[in-house]
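Here's a structure for you.
Chain nomenclature is as follows: A, B, C, D and E, assigned in order of appearance, with residue numbering initiated at 1 for each chain independently.
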């Protein structure tokens, strides 16, 4: 039933398949728990079949949404903006948040302040992504220059996160501004946290994962999206109330695909830097974009229409929780 | 055995060449291999072609077989089957056994399996290689390979047979035996044969007509009919006399170019 | 007798009369089977030993931290764990099935493409150079197209594998066809082979060695494309060698990474052995076996 | 004259006497140069036209959203932008330099390895199958080792490229050496060629066609490894095609992605033309040119 | 030209075979190609080897040249140079021109360039292919290729020459000329020659001694010394007489196996 977008159009009379993407990863904890613990299935009901798909990186998930192979996916802020802007605001909508925090600048022991970073090499996951922008903006505020090409006072070297651990241990870089679980992993390889990105944001909150649905699916099956968001809220509830079970679920889910369960200790360690919230923290996404424009990594993007939080607020209202502000 | 006969309205010529010219290469490197060769082979005629090394004999056979195009002139064949050509080199397929090589033309003609087997066995007996069917070409001696190639060509069953020094790598005795076999097949099937040889006695032994080609450019410079009644023997005085005559003409010709 | 003998030692050690030799030939064979196996095996073991030895020595020198470069001990221990877990066998089963199916599809496409392009001058002019160009296209460039065409299905993975391997196979075919000895072509045509029959009876068998070489290269492309393609989407939570490889790297699990590399090498060795046997059979037939070594 | 003429039309249209033909041969050549160029070009243009046409039609049907599958128009517009920007030329310069250097190193390693393994029975037993096994190892498996050995330097990229391409080239050499006609080997040995001389005078030239085919496959491996390897090190002020390809995908920029794919195809075509010319020269020498088509 | 002479203490034999046996294949497929062949070739002797197709002549030459190992028996050679062998097939290198092919043995001996050129030109003149130096093997006729192979073998300058039907693909006239050339070179260089031929007259024309091999297994069954004084002519009655004698023996032998 992973068929056309037209299938099941005209309400949810017939059975509908919801194809949901996520990464088997700590920052996607609500998705993992929601799928593994049957929370989504329960909320979606008998009429909706859940078809979960796991990804390793954002681009493939966005390609899948664009090509109609996915109806919804958990994803980071960066691909969210790309998908929205490349489709001229048409293809996707953010219907809920999922996680906040979990990003830090980890450096070698000798580095104790921003000024010690002069002439050093700092890795980021990808040129122009959230963390890349964050480190450049922060350095700028500290009076340190960077360039897109890796020049300036501090040399920014974008590279895959997996490689960052390799280069950090082999001494080729001096630090990295990365998300979990790589923060914990770098710390375990002898690094120390110089900046916890939460400290740079109001309320120590900024978006790391949100839930995206394709506009077409949203139009065709608003009721299914509502149920999905209900599921997301319930999943976050579970994650926050039973962290041990959630952590175990994540470890197992990763183990199923990678052949080796992820070390629980590492998950617990990373857990403390994360906050699982349904608020997509739209302001942080917007601010991040402004920072990107500020450090000349992108042209301004109009984010108007990206968020459609009515379903989220419905869900929150039903549970008597505070609603979030529609930006 | 199927006996292929030429169609009635081609009663006078099986192969007709008129003004055939062949140039290899271009510009300064061009070689005029054949120059205005006109020749008719009657149905059932056995024509031997002799000439110095490099005079264009193989070229001529290739053209008649349709494997090359003449640069000029016309080649006509009776019937719709293209002639069978036995190449100067054995040209066996290294990936097939001896049996397999001889079987290829039979397979291509769509003969049923049992018939093919029988035919292959018979042909290998003809060339005295009955026990060698399961060997591969690289396990054979030079003369054996040549005989396999002969068997493969005979398996073609075409009315016109072109043979390029088919017995060059054979000892005199084996050759004599194969002369007899070839003559028998030729008369049984009423074949037209164009036969290249360096052995003038062999030509006199086999041919109805001997044709002498000159070198660079290749032209027909002499042609003689051999009237000795068959069966002939290669060491008969009549054969020797014809051979001597052709040798004399050849000597003049090669002498002209040889130095 | 001449004073100075050429290679006479080598020749005299076999001073036995013909019929004896005939009899002995059989016995020699029996005797030598074990020794031939040994001759084929000890250099491999030695190479392995040397490689592991160097690795161990490097680790002992303390050149890099053990989490960056683990020693053979921990890696083999992890390999043992891995081999005892279902992860290896499940992953291998998935990956092998995909590899075999994908390669089979690539072989079909590659052979047909190669033969078609080799056969028709127009197709060749049109597509000939495109084949190499396609071959150089990295797998990731095809991912978006794969998802567009096949959504998130096994077919998307196949698509990437086929696009990776088929051009390589087609190039092997083209090379083989180009170098068919002209004399054999002429012989085939004269024997009555035309069109498809010429392919069947002459060109294909004559080009076979080059085609097998192309298949071998194609296998490498297929496997590498598969390793990348398996990350494209993890279908139905099914583990695979490609996914495990990437996750091992993502988790900075150097031991597991090396264990998986060893698994990949072993699979490669097994496949090479199959191709080697095919190639040897062809060479034996053609009579070109064991002449290069002398 | 016989009634039924075989291919007589083809033959009679050249009813000119020999010397005339000799003279005409020159003129024919002049005339045909333009037409041969045309014969080589129109199928390519037609193939291109058909491909772009189908693409455009698919886009017009509205099968997928334009951001998922952009049409030829936007892509070529983006390609034009790209070609006018310094990004393409800088990236191409970096990537081409790395490709050439890396490939040159891979050729050296591959040829030496191939010849060494082909030459010695022990090395062959030890390493022969390892070559294919290495060939199947995906580039990402080598990244950690590359970083361990070379940190974040250009050498790390070379390392990955060489490991990707050299086994393929070595396999080409092995295949070529294995199929050297035994008669030519014997002839060479009898003429006094031994050891290295046998390689120089007989084996290498006899294996040349297969070696060139191996180099072509090796190029594809080198290029693909490079596209992946260029992400290893994004070095100061130096953009590259591999990095741009990945960024285009990271930014979901389908138009730029396709523009880069076109660039990669064009580079592939150019390289194939070079290999094609080399191969044609060999085939002309050997006298095996233009016989397969008939 | 360098005249290579055999070392003094090998004055009696240039090539000595004793009890040489060669078995191809194994088990049921084994072929006993040579069985206990003993033969001495004196320095400067010209020995011709005749025998039916497939009797083991090429095998014998390959063994003497050291390209194959005997299954039994011993082969000794005087001097340290291995003999030059002209193969039954031309075995030219397709990637080289005619010049290049003939030059290979000269290059391998390390001759300077100018000398090589002169030598190649001279050798090509000897085989009457002076104008063909820049052609490639595939542009030559069968006989021309054989002559190039002859030139290449002569370029080796070894004291022992092994020739496997060197003139098989040549017309009678060209062959006569090359007989003279070969005889001249043989006597000038005091070569020891082991020469395989199917042409018994050719053997009688050239040889000091003619040796007849039987088929499967290959054994020496007859040997005769040819005492006709040189220069000889191939059509002289003395040559014919020897040829007739050898032919008679050959006929008995092949007759025994032929059917």
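Brief remarks follow.
By definition in this document, a contact is a pair of C-beta atoms (placed from the backbone, for glycine too) under 8 Å apart; a residue touches a chain by one contact, two chains touch by 3 or more.
Small disclaimer: the values here were computed from a predicted structure and weren't measured.
Here the chain-to-chain distance from chain A to chain E, counted in touching steps, is 2. Of all chain pairs in this entry, the one linked by the most C-beta contacts is C-D.
Summarising the inter-chain layout, the chain whose CA centre lies farthest from the centre of chain B is A.
Between chain A and chain D, the centres computed from C-alpha atoms are 41 Å apart.
We define each chain's centre as the mean of its Cα atoms; on that basis chain C and chain D are separated by 19 Å. For the pair chain B and chain D, the distance between mean C-alpha positions equals 45 Å. Centroids of chain B and chain E (each the mean of its C-alpha atoms) stand 28 Å apart.
Residue positions of chain D touching 2 or more other chains: 64, 68-69, 143-144, 148, 182, 189, 249, 254, 286-287. Multi-chain contact residues of chain B, defined as those touching 2 or more other chains: 82, 89, 138-139.
Residue positions of chain A touching 2 or more other chains, listed in rising order: 59, 63, 67-68, 166, 170. Residue ranges of chain D in contact with chain E, taken from their complex: 183-184, 186-193, 197, 201-202, 205-206, 208, 282, 285-287. If you check the complex, the residues on chain E that touch chain D are 62, 65, 67, 82, 84-85, 87, 89, 91, 93-96, 104-105, 107-109, 136-139, 152, 156. Interface of chain C with chain A (complex): residues 64-65, 67-68, 82, 85, 87-88, 90-91, 143-144, 147-148, 151-153, 231-235, 237-239, 243-244, 246-253, 256. Of all residues in chain A, those touching chain C in their complex are 2, 19, 24, 53-57, 59-60, 63-64, 67-70, 161-162, 165-166, 169-170, 185, 189, 253-260, 262.
Across the complex, chain E meets chain B through its residues 24-25, 31, 50-55, 57-58, 88-89, 128, 139-144, 147, 164-165, 168-175, 177, 198-200, 247, 250-251, 253-255, 258.
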